[in-house]
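What follows is a set of structures for review.
Shared chain: subunit A. Partners: subunit B in the first complex, subunit C in the second.
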Partner chain A sequence: MPSRQGLNRATPYFFLAPAAAVALVGLVYPMLRSVWLSFHEWSIGTPPESARFVGLENYRWLVADDAFWVSVGVTLAFALAVVVLEVVLGVALALVLDRDLRGTSLFRTIFILPMMIAPIVVGLIWRFLYNEQFGPLSQALKALGLPGVPWLSSPDMALLSVIIADVWQWTPFIFILALAALQGLPASAIEAARIDGATRWQTTWYIKLPLIAPVIAVAALLRLIDAFKVLEVIYILTEGGPGLSTEILSLHIYKTAFVSQQLGRASALSNLLLLIVLVLTLLLVLARSLRESRAGKE
Partner chain B sequence: MPHIRIRDLQKHFGDVAVIAGLDLDLADKEFTVLVGPSGCGKSTTLRMIAGLEEASRGEIWIGEREVSRLEPKDRDIAMVFQDYALYPHMDVARNMSFALRLARYPKAEIDARIRRVADMLSIGHLLDRKPAALSGGQRQRVAMGRALVRDAGVFLFDEPLSNLDAKLRNQMRAELALMRKRVEKNMIYVTHDQIEAMTLADRIVVMHAGKVQQQGRPEDLYRAPANLFVAGFIGAPPMNFLPVRLDSRDGRPVLLGRDYTLPVPPARMAALAPYARRDIIAGIRPSALRQGRGPEGAPALTLHIELAEYVGAQSVLVTRCGGERVIVEVNSEQRLAGEGEQPFWFDPDSLHLFDPETEAAIR
Partner chain C sequence: MSGTATTRRATPFSYAVIVALALLSLGPILVMIATSLKTKPDIFSGSFSLIFMPTLENYRAVLGDSQNARYLTNSLIVATISTGLTLVFGCMAAYAIVRFRFFGRDVVSGGTLLMRMVPPAVLTVPVFMIWTYEFGLSNSLSGVILVYTAINLPFVIWILQSFIAQVPPALEEAARIDGANDFQVFFLVVLPMIRPGLAAAAIFTFRIAWNEFILALVLTNRFTRTMPVKVSLFINEHNIEWGQIMAIGTLIAIPPLVFTFLASRQIITGMTAGAVKG
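And then the complex of A and B:
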C-alpha cells in the first residue's frame, strides 16, 4: 500500500525531528541572527528595534582595520603551531607508551589529566607558572643562575607562552586517540613486518604510522577547528596582549562585542571566523574523500 | 646434517610451562608439520623458531647458527600467518616487495622476483590491488607470495588454511603440496588438522600438552602410533578403543572384553608377557573392520549397528560392542541391507595395544 510505504519512509524523519528542532533553535537561529546583526549597528542595552541597517559597512570596516589582520595572523600562527606540535608530541607519546610495561597505565592516566581540567583553571595554572616574580619557572631559572624570561610581558614571548599552555592541555587529546588507534592495529601485520626485516623504527614509519594516519587526520582536524575558537586560556593569561601579540580572532570578537560594544562589527567578525573554519573543514574533508576514492581504485 | 636443531626448548608463562622441553631435528628441505589440538604448544614452538616469542630456555640452531637470541630478521626465515597479516595500506606488489625494499634490492631484481612468484601463484593480475579488494583465497596466495619472494632458508606456516572455507581449503592444500615440490626449502607448518598434516608432511610431529608425542613419516604414525594420544589423533574417523584383559582360554592367550574376545596378535606375544591378567586397551581402525564372517579362523566381532552415515563412496557405521562405541568405515557399494547385530572380521595384525597407565603402545 502506497500510504503505508510513505509512512515507513517518514519514520526516520519523525525520530530525527526533536534533534532537528534543537539544532534549529540552538544553532541555526543564532547563526542567522548573527548574520542579520552583521548588517546593522547596534549597542548592548538598547532595544533591537533601534538597530540601524548599515549594509556592508561593518565588513568594509573590518577589512580596512589593521587590528583585524594582525589578529588573523596571530590566529593562523597559533592554530598551526599548536596543531603541529600537539600531533607530533601526541603521536610520539602514544608510540612510546604503546607497549605492555609495568606502570604504563599509570603514565597514560597522568598524560590525559590536563585535558580534563577546565580551560579557566588551565589559564590560572599557567599564569601562576609564568609569574615573573614568584612563578616556579622563574624561580627555577633563578636557582640555575639564568636570567628571567618575560614569559607573558614581552610581545615576542607571549604567543609562544600561550602556545605552550595549549599544547600542554591538548596534546593528550591526540595522544589518547593515537594510542587507541595503535592498539587497534592488527598485531600480526606488525609481526609480519618484523619477519620481513623491518627495524622498530621502520615498522613505525612504514606500517604503524600509515595505518593510524586516518585517525590522526581526523584528530588534527578537530584540534584545528578548536584552535580557531580558543578563548579562555588566552583571556586569562594575556587578554590578547602585550599589544595585539596574542589577540586571536575569538578574543578580538569578544573585545569588539563587550569592550567596545560594537555588536554589529563583532558579528561580522564572527561570521568571517565561521567562514574560515568552514572552508578549512571542507578542504580537509575534500582531501580525505579524494584520497579514499583513490585508494578504492587501487 | 640436520638443518634445524632444537634442544631442550622451553617456554613458561609465569609458573605455567607451555613447552616443557622440546627436542627436534629437521632435515634440510624437509616439510615438517607440527600438529596437535589447540593449546598443545605447536604455535608457540613455531613463534619461538620465528623469534616472535622469546624462548625461556633452550637452543634453536638453523644451519650452523644458534639463533634463539636473534631478532626475527636475522634468522633467515619467512612466515605465513593464519590471518594472512597483509599490510592493508599497500597494494599486492608492495606487500610482496616490502622485505626486498627494506633490504635495498635493485628495482629490476625486485620486479623480476615478484613477477616470477606471482606467475607461480597465479596472482599476476592482482598486483595493483589493495588487500581489502581481495577474496580470502587471494589474500592467502599473496601472503604465500610475500614469503616466497624472500627466498629465505626456512619457511614457517602458522595454520595458513584455517581461515578458508572447506572447499577452498582443500584446493589450497593441493596447491601447497604442488608448491612445496617446486620450492625446495625447509618448511615448518603448524596445523590442528591431521588431514593437512598427513597430506603435506614429509615428517609429522604430533604435539600434546607441550610435549612431542611422536614424530615420523605420516605412514609410520598411522601404522604404528606410539601412544594412545597419537592413535586417537591421527586418522579419520579416529581409532576405536576397546578395554580388554589379557587372559587365557583353552591354554591360549586371548584378550577378553566385556562381550567380546579378541585374539592376541602373534607378533606381540613376547611384548605382552608382563601383562598377564592385566588390563590393556586394544585399538582398531574403523577401516580395518570388514563385514561378514571372513576366512576360516579369522577373528570376529559382533557389532550392533545403530546408525549408518552415508558420506559418499564411504559410509560410516556407528555401532555398539559390549557397551563400547565402535565406528566402522565401509564401502558404500557393499553397505549392509539389515541393521541390528551383524558379524565383522579383521586381521589380527591390525590390532593396536596400549598400556592403560603409561598410554604407550605395547610392541
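And then the complex of A and C:
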C-alpha cells in the first residue's frame, strides 16, 4: 500500500512539527539573533535595522572591562562553592541516612519543598532571615550573645550568604539522588565485601562511593549548569552588590542590557555564558555515555 | 523486605538527623508563612516569635488591591496555557524521537538536550528585541506564553522520552493490526500508558512557568505583569511592607507546595529520570 507507506515516512515529522516550530521561533531564532546583535551596536527604542555593525568591538570591550572579569570570578566562585558544598553534604547525609527509616516518603516530600518554590520567593525568605534588625537569624545570634553578622551589607559576607541560600535550596536534590543510588546498589557487592572482612568504613569508601560515583557526577554537572542560570535569588537578595561582590554573569547580562542599555555588549556577554554552558553540557553527555558503557559491561 | 542485607536498621541518631534536616528545610518556609500572618508591630517587635495572634490583614490588603488580583490572574493564565501547549507538543515530539527512525533524529535529540541547558538570562535581550520589533508580542501575555512554551519544551521532551520507551511496542503493534493509524495508536494507546510521566512533566512545567521571573520582567508592562515581577518591584520600594510581601510570597508558593504534597512520588520520579536517564 503506497499511501500507507507515505504516511509512515511523514508521521515522525507530523509529530515533531509543532514542537519544532515553537523551538525554532522561541529558542533557535533568538539565539541566532543574539549572535547577530553581539556584532552590532543597538539602543532600545530604535528599530533593530538601525543597529550599527561594529565587528568584534563588543567582545573587545568586554575583555578589557574589569567588571566583566569580576563577574566571571564571582560566577565561578559561586558555582564551584555551591556544587562542592551540595555534593559533599548531600552524599554524606545520604550515607548516614541509608537505613531502614520509617516515614521516608514524608521526609522526601519535605526535602523537595525548597526546590519547588519560586527562586524569587526563596530570595524574599532569605532577605527576611538575613535582615540585620529584626531577621530571625540576627535575633538568634543576639540571643546567644554573639555579635551581629552583616549578611548582605558587607562585600565579604554577601557572596557567602547567597551561597548559603542556594545550599539550603538544592542540597536535597543531591541527597535524594544519592540515597536512591545507594538503595539501588546490588546487595551482593556489599555482602561480598563484608564476608571478606571489610569494615563499614572500608565498604563505604571502596565499594559504595565508587559504585554511586557516576550518578553523583551527572547530578553534580546538572547542578553546575543550573548554577550558571541562577539570577532571581541574587537579584532579590543583593541586586549584585555590595559593589560587584555578588554580580554573577546572568545578572550582569540583565544589568548591561536593561540598566546601562548596552544591548550589543549584553549579547556578547550572553554568547559567552552560552558557550560556557555548552561546554559543560558536552561534558555531561560524555559523563553519561561513559556511565552507560560501564553499565553495559556489567 | 528488599535489601535487608545492605540496609542497616535505623537508630535514634538517624531519626534525630533526619528530623533536624526536615526542620531545616521547613523552617525558612514556616518563617515566611508566620510573618505573612503577623501585624506590623509583631514583625518589627525585635524578637522573632512563633507565638502571636494570627491575622489575615496582610492577605486582605494584598488581594484587595485590584492590581495584585490582575497579576495573579496573569500568572495563572500564562502558567496554565503554556503548560498545556508544552505537554501536547512535547509528548508528540518525544514519541517521534523514541519510536521512529527518521532523517535528522540525532540532531533533534541532541539539540533537545542542548536547549534544555540555555540560561533564561541569555534569551532576555534577543527575545525582547524580536518580540518588540518583529513579532509585535511585547507587553502581551501571548508573548510570555510563547517563550515559556519554548523554554519548557526541551525539558518535557527529555523527561517523557524515558516514559515512552517503557511502553511495550507489542501493545502498539496489536493496535496497528486492529487497524489503528499512527495517530490513534499514539493518542489512544501510548498516552494513557504514560500518565505518570505526563503528571510529572506537567508539574515541572507549571512550576517553571509559574515561578519564572526575568523573562516576564523584560516582556511585560504594568497590565500584563506576573506575580513574581510584581513582588520584585515591591521589595525594592523604600518602606518594605514585610507582612504583605510575605503574604505575596506565600501566595506564589502555594501552588508548587500543593503539587508537591499531592504528587511527590511523580516529582521524584521525574527528577530521577531527568538526572539519571535520558
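Everything below uses one rule, namely that the second predicted complex is superposed on the first by the 252 of 298 C-alpha atoms of A that agree within 3 Å, B and C clash if a C-alpha of one lies under 4 Å from a C-alpha of the other, contacts with A are read in each partner's own complex, and residues count from 1 in each chain.
The definition used in the following text is that a residue touches a chain if its C-beta (ideal position, glycine included) is under 8 Å from a C-beta of that chain, and two chains touch if they have at least 3 such contacts.
Predicted model only: the values in this text are computed from it and were never measured.
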_Residue contacts on subunit A - larger count, subunit B or subunit C_ = C
*asked:* For A:210 in the superposed arrangement: first (subunit B), second (subunit C), both or neither?
replied: first
*Touching A:191 in the superposition: subunit B (first), subunit C (second), both, neither?*
both
_Under the stated touch criterion, which partner chain does A:136 make contact with: subunit B (first), subunit C (second), both, or neither?_
second
*First, second, both or neither for A:158, with subunit B first and subunit C second*: neither
*asked:* On the A-aligned overlay, A:202 touches which partner chain: subunit B = first, subunit C = second, or both, or neither?
replied: first
*Would you check which partner chain A:91 touches, where first means subunit B only, second means subunit C only, and both and neither mean what they say?*
neither
*What is the shared patch of subunit A, the residues that subunit B and subunit C both contact?*
191
*asked:* Using the touch definition from the top, list the residues of subunit A that touch subunit C in their complex.
replied: 7-9, 11-13, 15-16, 18-20, 22-23, 25-31, 33-34, 37, 42, 47-48, 93, 96-102, 105, 107-114, 116-121, 124-129, 133-136, 139, 168, 172-173, 176-177, 180-181, 183, 185, 187, 190-191, 215, 218-219, 222, 225, 228-229, 231-232, 235-236, 239, 249-251, 253-254, 257-258, 263, 266-267, 270-271, 273-274, 277-278, 280-281, 285, 288
*Once bound in the complex, which stretches of subunit B touch subunit A?*
50-52, 71-73, 77-79, 81-89, 91, 98-99, 102-103, 128-130, 133, 146, 150
_Residues of subunit A that touch subunit B when the two form their complex_ = 186, 188-189, 191-199, 202, 206-207, 210-211, 295, 298
*Which bits of subunit C are touching subunit A when the two form their complex?*
3, 5-11, 14-15, 17-18, 21-22, 24-26, 28-29, 31-32, 35, 43-48, 85, 88-90, 92-93, 95-97, 99-100, 102, 105, 108, 110-111, 113-115, 117-130, 133-134, 146-147, 149-151, 153-154, 157, 181-182, 186, 207, 210-211, 213-214, 218, 228, 231-232, 235-236, 242, 245-246, 249, 252-253, 256-257, 259-261, 264-265, 267-268, 271-272, 274-276, 278
